[in-house]
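Handing you a structure now.
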Amino acid sequence: MAESSAALPESAALGAGTPTRRHRSFAHNASTWVGLGLLGIPLLAALCAPLLTGADPMALSPQTLRAPALAHLMGTDDLGRDVFSRVLYGGRVSLIVGLTSALIAITIGTAVGMVAGYFEGRTDEVLMRITEIFQIIPRFLLAIVVVALLGGGIVKVIVVIGVLGWVGTARVVRAQLLVLRREEFVLAATLGGASAWRILTRHILPNVVPFIIVSAALQTGGAILTESFLSFLGLGDPSRPSWGLLLQQAQLYLQQAWWMSTFPGLALSMTILGLNLVGDGLASKFGARKIAR
Amino acid sequence: MTETAPSRTDAKALLAIEGLVVEFASAQGETFRASDGVSLTVAAGEVVAIVGESGSGKSVTARAILRLVPHPGRVRAGKIMFQGRDLLRMPREQVRELRGRDIAMVFQDPMTSLNPVLRVGAQIGEAIALHARLSASAIGARVLDLLRRVGIPATAERAHSFPHEYSGGMRQRAMIAMGVANSPALLIADEPTTALDVTIQDQIITLMRDLNRASGTAILLITHNVALVASLCTRVLVMYAGRIVEEGPTEEIFLSPQHPYTWSLLRSVPRVDTKDKKRLLAIKGQPPNPRDLPPGCKFEPRCPFAIARCRASEPALETVGAGHAARCFVMMKNAEAPA
Amino acid sequence: MFDASRRAVLGGLAGAAFWPDELARMRPALAQGAPKRIVGALEEDPPVICPPMTSIISSFGSGCAVYGALTWVDRQGDIHPELAERWEVSPDGKTYTFYLRKNVVWHDGAPFTSADVKFSFENITAKLHPWGRGAFKALESVDASDPHVAVLRLSTPSPAVLKAVNNAISAIVPKHLWEGTDFIKNPLTKKPIGTGPFKLVEYIQGDRIRYEKNEKYYIPGQPAFDELVLRIIPDAAARVAAFEKGEVDMLYNNSMPFTEIERIRKFPGVEIRDSNVSGSAFLGIINMKGKPYDDVRVRQALAHGINRGFIRDNVMPGFSQNQIGPLPPSMSLANKDLKDYAYDPKRANELLDAAGYPRKADGTRFEFRLLWAANDIRITKMADVIRQNLSDVGITTSLQPLERAALNQKGYISEQFDMIIDSYAQGPDPDIGTERLYISTNIFNPPRVFTNNSSYINPEVDRLFEEQRRQIDPAKRKEIYDKIQVILWEAVAVLPILAYSGVGAFRATVMSDAFNSADASKDSFARVTLPAATGAALAAGPEAGNGKTIGYTAAGAAVVAAGAWWLWRRKSRRDDGLDETA
Amino acid sequence: MLGGLGLLILRRLALGVPLVLIIIVLTFALVRLAPGDPALLLAGDAPTPEFLAQVRAEYDLDKPLQQQLLTYLLHAVQGNLGTSIYFGQPVTRLILQYFPVTLLLTTLAMFSASVLGILLGVIAADRRDTATDAIVGGASLLGFSIPIFWLGQLLVLLFAVTLDILPAGGWSSARVTYYGFDYVLDVAQHLILPVTTLMLFETAMITRFTRAAMIEALGKDYVTVAYAKGATHSRVLWRHALANALTTSVTVIGLEFGVLLAGAVVTEIIYGLPGLGRLFFDSIFRRDFQLMTGCFIFASTAVVIVNIITDIVVAVLDPRVGR
């Protein structure tokens, strides 16, 4: 009868939140759209950075600490570099780190969740204990230890955040699996002699995809935030400055050159807010409760 | 177009509902009426049943009495007179004082009616404490006494345990104990036995009958199980599509149902009390969809005796005997009984 | 009283007490008025508090108030008496006699005698101190027969000695506590006992160091302050915020973020003192042991490839000068007609191709490991510029900021670097600050910090250094030094990034005439006085104590409560409908 | 009844111990994974030969891997997490020296986050789909999105530097040494900003989960029964519904403690508080790996302990769990 202790009680993590009241869906559509908007701006800006600005984010120039003006939309930093291009290219780094590590986390999480949910019994028990361990270990501190021991660099940071972040997805996918397993169409497929692999991929996966998308949105937000933390502590990749690193470099100029910290900070917060809103909106639409990062 | 039934607020009625209309608005904006002009009375100490299929509005009507209409329901019209005061116009605090003291309610699913994290004794005690300034020990004693009255053994240890340590039947007994804690004038039982197996159902019904006889508490029984009505209730009201289609003393309703729906209901239940063995009859068609009801008699689409007039307009409640009325143009006594 | 370890006693917030020292604070508030106190800030936990043995800035900052020396040097470079009342130099320049003050005692009460001076010079200053080795190379012995007279005997005349007997190089240690101990591991390097105006009483690692006035200080009326506290704030932004807010009264040398000087200058009542007597400069020590930096053309390419002009203008505007050649511009012996390595990426590319390191397919030539002390944001900015400059000439820079102790270990000692940028004091005489970087005798195995870490070996230069030391005639000495500078500048084993003057900023409303010493970090705060106006102000203390804050916090809490109440009182959605719906 | 709870505590502890062991093994593996000779890593880059030999002997570095693991585990379990090269002191002693600051900071932050989080969660749930719900929802989303290191600096800029009503950092006033209750007040004054910075993320998290759990609880039958008994609206909300929702909130508090520790590292750096977070961060650049891994193991153990505590609290709150 002992519920798995450390895990969030199933009900909170399960789709218990189906909106009982129809008129709520409008509220959550709104948050999805606002989220997409907030997310879209930095995403698009980062993607078509070369179109938006010719300035090289790394090029030094004598015009240091200039306030935002036509020449430099977001002003220049302490070494005369154009903040606008640094925010855009920094956005690329942050988003790449966020999306790729979220991808890794999603893949592992889905795999673990599917296997645990489908086979149940011993496998489920073992996988859930492992999930529990990963859920308890302070992920960010572990990320610091790994980066400090194995050295920084974009690829390592991505792998570390990805490999440590799959717990949330695993929980949601498993929860859905427990429900879907008992659906008629799964039983029918089993009777039809389909192999476990076919059932999982052709029948169950499509139904789980919406929850994976929700989890992906939230994971990306979390990953970008974690990367910005690592950069702030000086463990980021100095040759590829992300928003976190820009904020760290702007520490000393909060008053002198407010634009150096404000724009990267806004971009970072906007993106994470956008991702959370999208995740939230989709979660309510599919009835999946907010997933613990 | 709903015409309200003739108001019959006779003095001794404990509860008199007149022309109650409860509307639900769906997300898409259109509204439908769960109760559409319902009127009924319950005398002190009387046991009245409201019978009908699920979705007929009987449960919503019952809840409206305590102003507990589930969201997004709204009471649009009508009066609920209780001991001479209209509950719908009463300020919230007074309604709150009335709930649990003068009118109590027992719900359908005992498994979810008790708060899983609070001890049973405490939840029953709360019903008392909400309405009376008593010391903890006094409340404790009352709780034990109540548990004994509803037949729960080993009361002291039982009061201390949690709901999940009770069986279904015992939980319903606890709910009833909670209901009658302040010996209310009226006990509303919303499908109290539906979630229980048959043997337990009988015990619960017997318990309620004893309580009614012992303390004279009027009982308004909401059920879709016609059989229960026979053994417990003095009067029956049949609801269909949000309105009362027939009401009258139990024997008369059972012996000579006038509204085809009541008749069909009685024919779809195995009868042990009558000798003639007739084939069970299933009511054809689907239960009415409150969003698009037919213009005329709401039962018309499923009524074997429907005539043209039934489709045109809705019949009013017509008296067909002492306290016996039905909402039908044809009435069973005129229709030839099918095989 | 002094105890760095703390046992955790955790009660509720009301009764919270954390360290034994904090337990002591739990006694009822003492009656005496608030002690007159200066509050400074350090940028790092000093690895050691021992100016006699090391030249780490934070060690000076935390140690110079505790240790004394024979003389002290002011901002203009003039020498003043301290432990020595007066001194004489023999005509042949080989004997220096110092007449010591009589009434001086160590913090633990033991008397200060010439025996301490003899022990300190012979065992520590001449052997262990990075600058001491150069300045006192010619020291043969110290005659301490008379307890109040110390006579230094040199094998050859050494003009640098008089400029080297101050607390930057030769702080005096108590012989009775140090003799026979392992100097490196001696706990006294963290709990110093000296003759200085302040005694170190409390060091909470990571938080602060607290000093109390040395009651038995030999100059009456000094120091004017009862207590000195140095808070440890590694985050530069936090340090400036504390200084701006009045929680800290002074920032100097490495604790002063140069990027903010223009802004700090405008803070109310702030005065700035700077001096370049000690010839401080950021030097890029190039490791000549490994490929490709053993090739002079590669080193010259570095000199051309790094835009030192841009760094000067942006890292320390207004307080930095260009240093052309191994000697800082402020020094009279500097060779003025050396030609600078102008910023010329094209020339740098030519040199690198000539040296046989063409660009590979991906456009890069080789890697350049650049190490520096992580908490010095001036070098962090230089590193950013250098990485960008060198990437233009095909050199990929691996930036490696390390904490001071790790920098010493990984950089200087285990030589895993291509260039270390560090702050060096090259004055007041090249024999002290410059010679040590280039002479082959200053290379050790295992390597030591702040020595000839670029492993530059040139017998000709060794010979010239010896020859110039023997010259009595300053003109002859200059002529030899000019030759040395030409050779060294051509070899560029050490690339000077920029020379700068040590800067100290302090709040004149709290203290006055601070930082008159040759370098802000060498100030012993003995001579700092209370400006008349502040006598009363200080008692009240810039922070108005807790009264104001309690008021504000209470107001804040009230606002939050009102907000919550408003949220609650707003008509509950439940109340608008007629009924109580679940 | 207590028997059940006692049993539960034992079971949780039994579950906790392997978790800690696994964390130690994980750290052991990480150090072995790092490039270069683990002995050099543990002994610092340029150790004196004797110190290098001492480290090799202490951790049996030349013995087969299993033996090394066993020795490492035995050391860790006895509380010997190695010696810090930088401080030259045993890691455990250092951790205990710095831990009180972090403990106080995180406990205060988590306590205030829980109180505020639950309060806002209940209010938002009670008034769901109204302006209040939107305001609380929006604020909690912001709480998720603003990186606390930026927030911390802005708070210092606003409250300490511009408004000059709160100290900019540090543990206690360096200007005046307070004694007795004044000292406690002084420390409290210095903790206002750090705790606010650290608690924001947790408050947002707890608000969201409490709101979700409350909405779920308010939909249950026992709430209607409570109304039918004549309970007032606030009694239903704060006693019947919240009693059920609390189990979720408490579980979240447990799970989020690990994230809180991460926040503590950053907060201690910005505000110059001498806590475990700062010690952990400084050890990175000092390449003081024994201290770093020691801090990590200690932090993970603390998280495990906190989760055990929250499990027990959940078991007390919800009789169905663990019996």
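Going by the order they are written in, the chains are A, B, C and D; count residues from 1 in each one.
FYI, a residue touches a chain if its C-beta (ideal position, glycine included) is under 8 Å from a C-beta of that chain, and two chains touch if they have at least 3 such contacts.
What you see is a predicted model, and the numbers here were worked out from it, not measured in a lab.
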Pair with more cross-chain C-beta pairs in contact, given A-D and B-D: A-D
Per-chain CA centroid nearest to the all-protein CA mean: D
Distance from subunit D to subunit A - Cα centre to Cα centre, in angstrom: 22
Intercentroid distance (Cα basis), subunit D paired with subunit B, Å: 54
Inter-chain centre distance, subunit A versus subunit C - centres from mean C-alpha coordinates, in Å: 44
Interchain centroid distance [CA atoms averaged], subunit B/subunit C, Å: 88
Shared interface positions of subunit C, touching two or more other chains: 235, 237, 374, 401, 580, 582
Multi-partner residues of subunit A (at least 2 other chains): 21, 23, 234, 251, 254-255
Subunit B residues counted as touching two or more neighbouring chains: 68, 70-72, 96
For the subunit C and subunit A complex, residues of the former touching the latter: 235-237, 240, 257, 259-260, 262-263, 307, 310, 313-314, 374, 377, 381, 384-385, 387-389, 391, 399, 401
Subunit D-facing residues of subunit A, complex: 1-3, 5-6, 8-9, 11-12, 16-17, 20-21, 23-24, 27, 132-133, 135-142, 144-146, 148-151, 221, 225, 228-229, 232-235, 244, 247-248, 251, 254-255, 261, 265, 268-270, 272-273, 276-277, 280, 289-290, 292-293
Subunit D - residues contacting subunit C, complex: 44-46, 86-87, 93, 96-101, 103-104, 108, 119, 123, 126-132, 135-136, 153, 156-157, 160-161, 164-171, 173-189, 192, 218-219, 223-224, 227, 233, 269-272, 274, 278-279, 282, 285-288
Residue ranges of subunit B touching subunit D (in the complex, touch as defined): 66, 68, 70, 96-101, 104-105, 107, 109, 112-118, 126-127, 130-131, 162, 164, 175, 178
Of all residues in subunit D, those that touch subunit A in their complex: 8, 11-12, 15, 19, 22-23, 26-27, 30-31, 33-35, 41, 129, 134, 141-142, 144-147, 149-150, 153-154, 157, 161, 208-209, 212-213, 215-216, 219, 247-248, 251-252, 254-255, 258-259, 261-262, 265-266, 269, 280-281, 284-285, 289, 292-293, 295-296, 299-300, 303-304, 307-308, 311, 314, 320-323
